[in-house]
């Protein structure tokens, strides 16, 4: 039933001496986590994936968010089994997806790759001006399926953010009740965001990270902020900050406080650029990455090859089990 | 892990002879409070903070309401631990914040500084024309965390006030059921407010205070009304009142009836101005203040210094345990 | 703590011979009331107030509906205790108000003056074009507080009437479940009403009275219809009716069927005009009146004086306990 | 309304050097407590009573458990106000009682003395052979009243222990949900206990302490075991242990593990005996005592005098705020 | 705080050639398990403990079931931390215990050793004639704590088995809803069992194993049947079967069908006897063992030594990840 044994079989992460950047990553023991959240997070951070307190997530919710359009680059990727096998064989910390891909495929990989159940989503068909992602599943679905975390997208700044907050606080409360970690996809969106520097501006990404912390995210997924001329439309002092990419991301991680930070991959880029971005993120205190298209839009061999490089890099950031 | 012992260690508030203004502060025993509300309010009014029936609250919800932008003045303040330590070491009556900052940080300060869980909020990204703050937590969250009160923002006059009232009455009913005091942030907002004198006009602030009383606030947080030419757009007789700032605030406190009044700090001002505003408020019958940026945008030493002055001033307004 | 004993101490209502108008007032025994509704209504109609099957209600929800603006004429009235004492000392059948004024003040008057808990409301700040009053309390709050009825405003004809009906049917169902009488403030509102004769037209008031009956009001509060040129915009045959004020109101009472009718006071008028309006209403089959500003905007002595006159008049309309 | 100011006004507990026995008391930070439980326990252990991590509880549930028979020695004690004032003026950590005494009296002392709501009880009229205490209140009652803990009696070994466990696990789950500490009165009872050494035997008390830990008690109230000839009927090796009273109690505290131990007072004894028992208990690792009859069966002056001695003794066992 | 690093550090289980007995162990993929149950069982069977589809559980519920009496042999074992560290350092598949030991201690080991939350229990004080174990926790508690299975004792044949079945079917339904594996402690008990060969007879153990299967156990814990003269009282043909111990146990495993079988350890026996019993059990198709007293009544060094032997033996029974 299964494919040949995992192609990524590096030995358990040895503990390297702490790099300077490493001290910014929050320690699990400081986070006030309930035993259930702690147990589940340790599975993601230590028992699976590169370990050592880092996390490497493979998302496959793009079929909902963007449509099958994303699978043209690598037609194999249209079959959700492709991503499941990539997550398993590449020893990812977890795979993140919606209820349908969980119910129809996860039984073949249950226990082999941890599951993050994404709980809300939308299509890209209507415009993003009033972006809002409705529920596609519940925390109880996640418990039932044996997931180790849930994912939820908050569109920070959208005109619909009131419905979003209201919807999220119920998810968060259920997650607290069940001891289920919550990962917030913190995405600036909406026309007001557009007028204040845009969704990739430091102003917007920084605000989104803090909102996730305030609302109760255990982990927050952010995009790497991009400096552009539009920053001049951001409120002061963001309009004149002019930080280096590394410094800007460092600021975002600081704003996230005790929410662990995952960096979003975004569109596919070259290997060198990808690895550089990951290293910069980890240096700035990120806990890990969540890369989809950058991995499964590559052919399997290339995807596994770069995954091996990511494992190797993450070992440099490993910490003792907390 | 903690900083040097509390810098504000003034002895328990002695009881001063009642000043004339003091007779306007409602007495707890007149308020028809259930035993649970009474017990919790006494903690805020007598057992913590300056005591003597006064209240000094440190809010840190600005990261959600305004974004990380508010932390540039004092970068230390970006870490929520900064405000927690300031609240503890400055012997505040309570710290007020959202669920995320409670769950991730409060365990380190539990029992050392009372908690007010803010239950709704929004970002400042979309415009305020239809302002509405959605739920971020519940009264049951507050009970679970050991909070002594909940906070809720009502945007009086907003086109969305119907959703707001509806949402609030459920919070208020839960609070009644659990004996949890409710603090209403009573903020005039929306385009109709703008056309009738604006959100700082006496008309608007006075109306907002009364609305909080009518809806069931145990404590109401109001802004100090500001006289301006826009008052001429307010309905009669507000358009011709021309009250002194003190008289205007006195009117607001009277409209709030048996809802205890907290004065909002707003943007950072100089020490002298700040203390004068507090004294005028207390003279007019306020029960206390809720100052955030005016405290934590100052460096710790300066923040503690002015906190000491506030403690000293509040002792002049102390009343015997009711 | 209380003021001198009640200034209105007329003996229990003697039973006068039935006036002609009296036969139009529905008899309680004909209304199919559940025992709980019957018990509570008898308290309002016979045990308190002028008795004899009539009802005299003092409302104090204007602080929410209009703001503190209504209290300038008589500054004493800004303190809700003023209205409570007026209701008690003037032997009103009940006082009608929102949850906040009930929770903070009613404990001082509990059992001395019956309580009608108003369950929805709004401010006057936004325009009335899409008028909708959101919930501020629940029938269960009313039960808990010992109220003898609940009040609910339906804005008949408003673009928001769908939400209104939906909200009301839940309140009505709760009231049925708990045996709690429901008083509907039946107010025509919205731009379509404006185009068809306006909110005071017979067309609109008559329609509103019937809507209250259809939706399940035990008592309906209506405004006295006002004949004007705008009636010509009403649908036929209202555009040509040309009824006397008494006949017009008689029509409204007839449309209300087995919903008992209360007449609304509206803005303050002179004594003579007020008493004439009441007599006309009672002659036309009203069960009583609900006058707020016309009473508490008067100084206490004048308010009690006119209340005595109302008691005397109501004795003429008394019926034997039904 | 209140009596002369507190007769026990010793200054806040200074921190003494740790005595050897002190190291046996579990530290709050080791107990895995939720923020709500931690907050509430700190009130009992540090903010009220002797403080320094110790606890001194005044129970008044004997009117239910034994009947008014217990109040003949000191007729003043028949009025529950007597115990409330004794708890307040003697600066007890808390008063423990049933819902009726809470609802009718606590409002006078709310916030002045912490409340432990006892949730189950029985009378002494039927025999104890199948002892079972039914619910008299709920955790939600405790939340509503502002209590800082709940109390529950488990009759370990009773033929009815199955109903007891079932009833308790629901109380425990509610307490977890609301962050409310649970104090278990762990009492061996029933005919099988009688056959195995009796309810005061080390076998029975030791077993009861462990059962409380296993079932989830945050604090366990135990009786001091009494060595007697009946011990020979206990299972081996209890039938031959022959421990000193201090060693026996030390064993019980060890069996309670991370449940904090309160020693029960039982019937009234002389001052010297009482103080010796307390010292032995604290030396063995108890966190405090819960003495009722031994305090309120004494006249007020004598009760306050011995309370002062208890405060003084507890200061020797004080630890820094945990 | 923790002891020296794990004493049992054998490398991940290599896959040995299947032994003949192995074919009797049900395959996970044949059991119709939901994804949640499958995920959680794989953690117990492959990710922790000896792996390879086997399971080695350390139970510590004897403090409730037998009292502290079981801890005299090895006083260190009175501290639940002893068992937790033994489970972690000895690389057990899981530790099984009640809610109190989970809430107070598990936070220190969360994620390091899987948790099986035992959901019902009783003391040994009353006689076993009507044995019934009442609930001490719920499946939702298990979810909240991050447990990977729940345990439940069914007293097969007890006069109270009707209440037991009723109680169990609710637990089983909750477990189905949450995807939580259920381990049934299937224990023959009660006076009727005594009359039909006794609780250790093949008749009784065999029946109990089948009952667990019928009621929905994912795993059943049974005692090794003991042949004795009392077997003659069993119904035919059990009264004449005369099977070898191995054959008898083989029969029990067969009766358990697709419920995986765990062998109970019972009272402490010598090393040789213990290992022989385990081998016989595994040869007969058991999936693993659940040994408490036989491990933690040994001093830590000896306990770890025999645990190493168990690991080595289990490797002989390892199967590829299913």
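Letters A, B, C, D and E mark the chains as written, and numbering starts fresh at 1 in each.
Note that a residue touches a chain if its C-beta (ideal position, glycine included) is under 8 Å from a C-beta of that chain, and two chains touch if they have at least 3 such contacts.
Being a predicted model, the structure only gives us computed values, none of them experimental.
Peer 1: Shared touching chains for chain C and chain E?
Peer 2: none
Peer 1: Give the rotation angle, in degrees and rounded to the nearest 5, that superposes the C-alpha atoms of chain A onto those of its identical copy chain E.
Peer 2: So the copies are related by a turn of 180 degrees.
Peer 1: State the pair with the higher C-beta contact count; candidates are A-D and D-E.
Peer 2: D-E
Peer 1: Counting shared numbers against all numbers at the contact of chain B and chain D, is it over half, same, or under half, different?
Peer 2: Both copies, chain B as well as chain D, present the same residues to each other, with over half of the numbers appearing on both sides.
Peer 1: Whole-Å distance, chain B centre to chain D centre, using C-alpha means?
Peer 2: Centres of chain B and chain D (C-alpha means) sit 39 Å apart.
Peer 1: Measure off the straight-line distance from the CA centroid of chain A to the CA centroid of chain D, and report it in whole Å.
Peer 2: From the centre of chain A to the centre of chain D is 49 Å.
Peer 1: Mind checking the centre-to-centre distance between chain B and chain C? Centres are C-alpha means, answer in whole Å.
Peer 2: 37
Peer 1: For chain B, jot down the residues that touch at least 2 other chains.
Peer 2: 103, 106-107, 140
Peer 1: Could you list each pair of chains that touch one another?
Peer 2: So the chains that touch one another pair up as A-B, A-D, A-E, B-C, B-D, D-E.
Peer 1: Quick one: which bits of chain C touch chain B in the complex? Just the residue numbers, please.
Peer 2: Listed in rising order, the residues of chain C that touch chain B are 61, 63-64, 67-69, 72, 78-80, 98-101, 103-108, 120-123, 125-127, 132-138, 140-141, 160.
Peer 1: Which residues, counting only chain D, touch chain A once they are in their complex?
Peer 2: 32, 34-35
Peer 1: Can you check the complex and tell me which residues of chain D touch chain E?
Peer 2: By the definition above, chain D touches chain E via 31-32, 156-159, 161-166, 169, 172-173, 176, 188, 190, 192-193, 196, 203-204, 206-207, 209-217, 235, 237-238, 251, 254-255, 257-259.
Peer 1: In their shared complex, at which residues does chain A touch chain E?
Peer 2: Of all residues in chain A, those touching chain E are 34-43, 46-47, 102-103, 106-107, 110-112, 115, 140, 143-146, 177-179, 321.
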